[in-house]
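Each of the next two complexes has subunit A plus one more chain, namely subunit B in the first and subunit C in the second.
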Partner chain A sequence: MKILVCIKQIPDMASKFKPNAANTWFTETDLAFRMNEYDEYAVEEAIKLKEKQGADPSDLVVLSVGPARVVEALKKALAMGCDRGVHIHDDESNLKDPWQIASLIAAYAKKENFDIIFTGMQSQDRGSGQVGVTLAGDLGCSCVTTAINFSLEAGVVTAKRELEGGAKGVVKLKLPAVVTCQLGLNTPRYPTLPNIMKARKKEIAVLKAAELSAEGPRAVTEKFYHPVKKGTGLVLEGEPAALAVKVLELIKEKTTVLRG
Partner chain B sequence: MKTLLVFEYRRGKLTEANLELFSFAAALGAQTAGVLIGAETLLPAYPGKLYLGDIVKCKDYNPEVHADIIMQAAQKEDPDYIVFIHSSYGWDLAPRVAARLKAAQVSEITGVSEGKFETGCCNGKMRRLVRPATTKAVLTIQEGAFCFTGEAEGTPAVEKLEPSADGAGLEFAGYEEPEKREVDLAKAEVIVSAGRGIGKKENVPAIAELAKSLKGELGASRPVVDAGWVDHNRQVGATGQIVSPKLYVACGISGAIQHLTGMRNSEFIVAVNKDKEAPISEVADVMVIADVMPFVAALTEKLKQ
Partner chain C sequence: MNFELTEEQKIIQATAREFAEKELAPAAADLDRGGDRKIFLGNLAKLAELGFMGLGIKADYGGAEAGSVALSLAITEIARACASTAVTLAVNNLVAEIIQAAGSEDQKKKYLRDICSGAYPAASLALTEPCAGSDSAAVAVTAVRDGEEWVLNGSKIFITSAPYAGVFAVFALTDKTALKGKGISCFLVEAGAKGLTIGKEEHKMGQRASATNELSFDNCRIPADALLGKLNSGFTSAAEGLAGGRINIGSLALGIGLAAMDYAAAYSAERAQFGKKISSFEAIQWMIADSYTELEAARLLLMSAAAKRETGKSHMKEAAMGKMFATEAANRACYNAVQILGGYGYTDQYPVERYARDARVTTIYEGTNEIQRLIIAREILKSI
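Presenting the complex of A and B:
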C-alpha cells in the first residue's frame, strides 16, 4: 500500500504578525515555525494505517511544499514514523494560491500512484481548506473532507465527517482516495528520542517546484493587514489580585449573576 | 453582475445561514439565481430563478453528484460568482466546483470591496484582501459575516435538474448523532471556559472551581476536549454547543471563529489571555491581559470572601 501525507509548516499562531514589504503576507523574521496542527492528525492517521498493514509492508511518504525551513516539519513526521520524505522546494510557496500548491503536489503524486492521501482539512495560517480537495480533483480520486474517524477494510475507506453541532456523516469511499483530517481524529504521538535518531537516516528527496508545475495563480492576495479593531472592550493589565478585584467589580456592575 | 447562490439543505431543513447569501449578493450589487439540492416542498423564499436537484436522488452527501447539479445550473446561468456558505457542506463542495470551472476560489469571506474579497487568516488575527484572477470565481462566505436583516419573501421559479454524474466512488451511509448531553450549557447563566492556554489537564479543576464560585458551568474550547481534559458535552462552538449566558469567562482561549460562533451572543464576556491581539478581543467586554492560572486563583479567592 502506498500512502502519502501532505503537511505544511506554519508559524506559531501566538506570534505577532507583521506584513512583508509587498504587503501580501507576513514577514518571516522573528517567527517560530511548527507543523500545522491539522496535519499532525493526518500524519498520525497515516502512520496508524501503515502499522495496521503489518506483514504487507507499506510505503509511507510525507511531503511538504516550501522553503528550506520545512525540512524541520518533515523530520518531525519522519520521527513520528513516516518512511521517507519529499521536499518540494519552493521559496515562493507562501505567495502561491491553493490551486498552485495542489498542482505542485499533483504533479509529483501522479507519477507515484498512491492508494491513499491524507492532508489536514486546512492550514492554521491561510485557512483556505482547498488544497486536499483540489488535489483529489486533479488526480481524479474521490475525496472526503473533515474526517474525525477513519478506517480501511478490504479497499474501502469508511470515514466520518464532522458536521455542525457535532453530528457525523458516515461516508464510504473506494481507493484511491484523499482524506482531509479534522482536529480530534486521533491522538498524534510525540516522536521518541530513539525514533528521532532513526529518522536522521531516513531519506528526504528534494524536488524543485519550478520543474513540477508552472501554473499561474487563480487568486491573488492584494493586501495583508491587521483587522480594523472591532472590539470596544476594556483592556485591563496588572497584578492578578488587583485585576481580580477590578473584574469582580465589573461583573457586579454589568451583570446580575452575583445578585440574589 | 450575476451570482449563483448555492443553498444548503441540512437534514430536512434549510439552514438559516442561507439568508446571508442574499445579503452577500446585495453587498455585491449582483443579480441572483439560486441552486438547491433539496426538496420541492421546502424552498427558499425569493422571487428569482431556482434550479432544483432532488435530495433523494442526489443523496444528502455525494459531492460529485451535487457538484454536477451546480455545474448544470452554472452552465445555464453563466454567473460571475458561485457562492456557498463556508460550512461543512460548502467547504467540501466549493473546491470541486472551482476545479471544474478552472476558477479562483476564495474561502470564508468576511467582506467585499470593489470586486475584492476580505478573508481572515492566521487564526483570525490578520486579514487578506483577495482578487480572483479568473473571470469567474467560487466563493464561500463566513457564517455571521453578512447578517440578513430584510424580509425573505417571494416564490422562486423552479427548474428541475437531473443528476448526470453517478458519483460511484463514494457512498453516503447515514448520520451519527452527537452523544447525549448531560449538561445543557445553553441553559447556564454563567459559563467559565477553559482553553488551551490553561496549559495542562491538572489546571481544569481550578477553572471548574471558578465556575462553581460564580454558580456557573464549566465550558471548554475544542483542543481541551480533543485532548480529553474536558468532556465533549462541555465544548462551546460550531461543533459543540451554542451558548448565550449572562456571563462568559474565556480562560486562555484565542477566539477562533468556530469558538466565537458558539459564544459571541453572551451578554457579558470576560477574556483572560496573555496576548492582547488574540481575536477573542473582538467580542470581549473585558480583556484581562494576564497569565491565566494566577488570575483565576485570585478571582476565585475574591469570590469566596
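Presenting the complex of A and C:
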C-alpha cells in the first residue's frame, strides 16, 4: 500500500505577527516554526495505518511544500515513523494560494499512484481548508474532510465526521482517497530520541516547485492586517452563579492570574 | 561561526518542551507539595521510553546518541516545567555517561540498557558524605577486598533518587595509605544489595519531588567485578562525567530562571498599579532586562561548553563557568520574579516561589560554586 501524508510547517501561533512589506502576508523574521497541528493528526493516522499493514509492507511518504526550513517538520514526521520524505522546495510557498499548492502536490502525486493521502483539515496560519479537497479533485480521488475516526477494511475507507451541533456523520469511500484530519482523530505520538537520530538516514528527495507546476493563483490575498483594537469594556448579564462561571472562564482565557 | 542548532537538536528541544508543558507542568506544583510519587515515577518512565535517560549513550547500549548539546537543551526544557524531574534526568544521564566512559563491556551491557530503557526508575551517584562535601576527596566509606568480593562500610548523605534507584555509583576509599584523593575507587552497587540501607529522606527547601536520602553500608558485600574503572582511580574515571554533570546542572538552572522570568514578564504586562501596567515602569523593565541578558549569557556559555564536550575538546573550565554563571543568574532571575509579583509572588498560589526554592540548591550541588571558581582559576593558572 502506498500512503502519502502532506504536512505544512507553520509559525508558533502564539507569535506576534507583523505584516510583510507588501501587506499581503506576515513576515517570517524572528518566527519559530512547527508542524501544523492538524497535520500531526494526519501523520499519526498514516503511521497507524502503516503499522496495521503487518505482512503487507507499505510505503509511507511524507511531503511538504516550502523553503529549506520545512525539512525540520519533515524530519519530525520521519522520526515519528514515516519511511521517506519529499520536499517540494518553494521559497515563496507562503504567498501561493491553495490551488497552486494543491497543483504542486498533485504534479508529484500523479506519478506515484498513492492509495491513500492524509492531510490536516486546514493549516493553522492560512486556514483555507482547501488544499486537501483541491488535491482530491486534481487527482480524481474520493475525499472525506474533518475526519475524527478512520478505518480501512477491504479497500473501503470508513470515516466519522463531526457535524455542526454535535451531530456525527459516517461516510464510506473507495480508494484512492484523500482524508483531511480533524482534532479528536488520534493523539500524535512524540518522536523518540533514538528515532530522531535514526531519521537522519532516511531519504528526503528535493523537487523544485518551478519544475512541477506553473499554475497561477486563483485567489490572490490583497491585504493582511490586524483589525483596530476596540477599547470597549465587556458587560456580562445574567444570574450571579452563571456570571461567576463566565468571569472565571474569562480570567482563565485572558489572563495568567490562575496559571500554575 | 554558527549559532544555529541542527534540525535534530531543534526537534529534541521541541519534543522536550512539548512533553514538559503537557505532562510535567500540570503536576509540578502538587508534586512539590508532597503529591503522589507514583506520578513522578510514571513521568520518569515516559521520559525513558522517549529516550531522555541516555541522551549521550551509544545506540548499541540503548542510548539515543544525541550528544551533549541536545542533553543540555532537553534538561533546560524539562526544568522549565519541573526541576525535580530535571535533576533526576540529569543524574541518570551523568551516571550513564560515567559507566559508558569507565565501565567494562559487561558493565555497559548490564547497566546502560536498564538505565536508558527505564527498567531502573533512576540511577544514583553516591559521592557526598557527612564529612566529605566540597572536600570530596575526604571520602570515608571504605571498600575492602575479601576474596572475590568487596566489603563496603560507612555512610553517604544527600543521595539523589536513592529510594527508587536501580544502581548506585559509589565512591569509596580503597587505599588508606595513599595521598588524599588517590586511593578512592568507584563501585556499581545494585539496589537491594545486602548491607545497603536507604536512610531517611531529607525535607528540602526545593526540588522536593526528587528524593534525597542517606545511605548506609554495613558490611555490604558486592562482587569483585563491581569495581568501575581502575582501582584507586575513582575520581579520574569520573572526571569527564562530572564535567558533563556541571553543564547539565547549569542547564537545569537556566530552565528554572527562564520559567520564572517568562512568568514574571507576562505578569508585569497585565498587573496594573498607579493606573498603569507595571511593565511600563523602568524599575520593572530593568529587572526584566538584567535577568534576560544574564540568562542569555548563561545559555551561550552552556552551549559553548556542551559543544566542546560533544566534539571531544577540553571543557573542564567552560563547564565550571557555565554551571557557576547559570546557577547564579537563575537565582537572581527568581529573586527578580518574586519581586515583580510582589506579595503574590511570595504565596504558593503562583509558581515563582517554587522556582525560587528550586533554583537555590543549584549553586550548592554538583560542586558548590565556590569549588567551581577554584576549578576555573586552576584551569586558567595552570596554563600560565
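Throughout what follows, the second predicted complex is superposed on the first by the 231 of 260 C-alpha atoms of A that agree within 3 Å, B and C clash if a C-alpha of one lies under 4 Å from a C-alpha of the other, contacts with A are read in each partner's own complex, and residues count from 1 in each chain.
Quick note on the criterion: contacts are C-beta pairs under 8 Å (C-beta built on N, C-alpha and C of every residue); 3 or more make two chains touch, one makes a residue touch a chain.
In this text, all values refer to a predicted model and were calculated from it rather than measured experimentally.
Visitor: With the two complexes superposed on chain A, say which partner A:190 touches: subunit B (first), subunit C (second), both, or neither.
Guide: second
Visitor: Contact-wise, after the overlay, does A:34 reach subunit B, subunit C, both or neither (first, second, both, neither)?
Guide: second
Visitor: Between subunit B and subunit C, pick out the one touching the greater number of residues of subunit A.
Guide: Touched residues of subunit A are more numerous for B.
Visitor: For A:255, decide between first (touching subunit B), second (touching subunit C), both and neither.
Guide: A:255: touches subunit B and subunit C.
Visitor: Applying the document's definition of touch, where does A:141 land relative to subunit B and subunit C: first, second, both, or neither?
Guide: Touch partner of A:141: subunit B, not subunit C.
Visitor: Tell me which partner A:170 touches in the superposition: subunit B (first), subunit C (second), both or neither.
Guide: A:170 contacts subunit B only, not subunit C.
Visitor: Would you check which partner chain A:126 touches, where first means subunit B only, second means subunit C only, and both and neither mean what they say?
Guide: It touches subunit B, and subunit C stays clear.
Visitor: After overlaying the two complexes on chain A, where does the subunit B footprint on subunit A coincide with the subunit C footprint?
Guide: In subunit A, residues 255-257 are touched by subunit B and also by subunit C.
Visitor: Along subunit C, where are the residues that touch subunit A in the complex?
Guide: My answer: residues 7-8, 10-12, 14-15, 18-19, 29, 49-52, 55, 59, 63-66, 70, 263, 266-267, 270, 350-351.
Visitor: Please output the residues of subunit A touching subunit C within their complex, sorted ascending.
Guide: 34, 71-72, 75-76, 79, 190-197, 199-200, 255-257, 259-260
Visitor: Would you tell me which residues of subunit B are touching subunit A in their complex?
Guide: 10-11, 60-61, 63-64, 87-88, 91-92, 94-96, 98-100, 102-108, 116, 119-123, 125-134, 137, 168-178, 189-190, 214-216, 222-223, 225-226, 232, 235, 238-240, 246-247, 254, 267-271, 275-277, 279, 281-291, 294-295, 297-299, 301-303
Visitor: Any idea which subunit A residues touch subunit B in the complex?
Guide: For subunit A paired with subunit B, touching residues are 11, 13-14, 16-17, 26, 97-99, 122, 124-130, 133-134, 137-138, 141-146, 158, 160-174, 177, 183-184, 216-227, 230-231, 233-238, 240-241, 243-245, 247-248, 250-251, 254-258.
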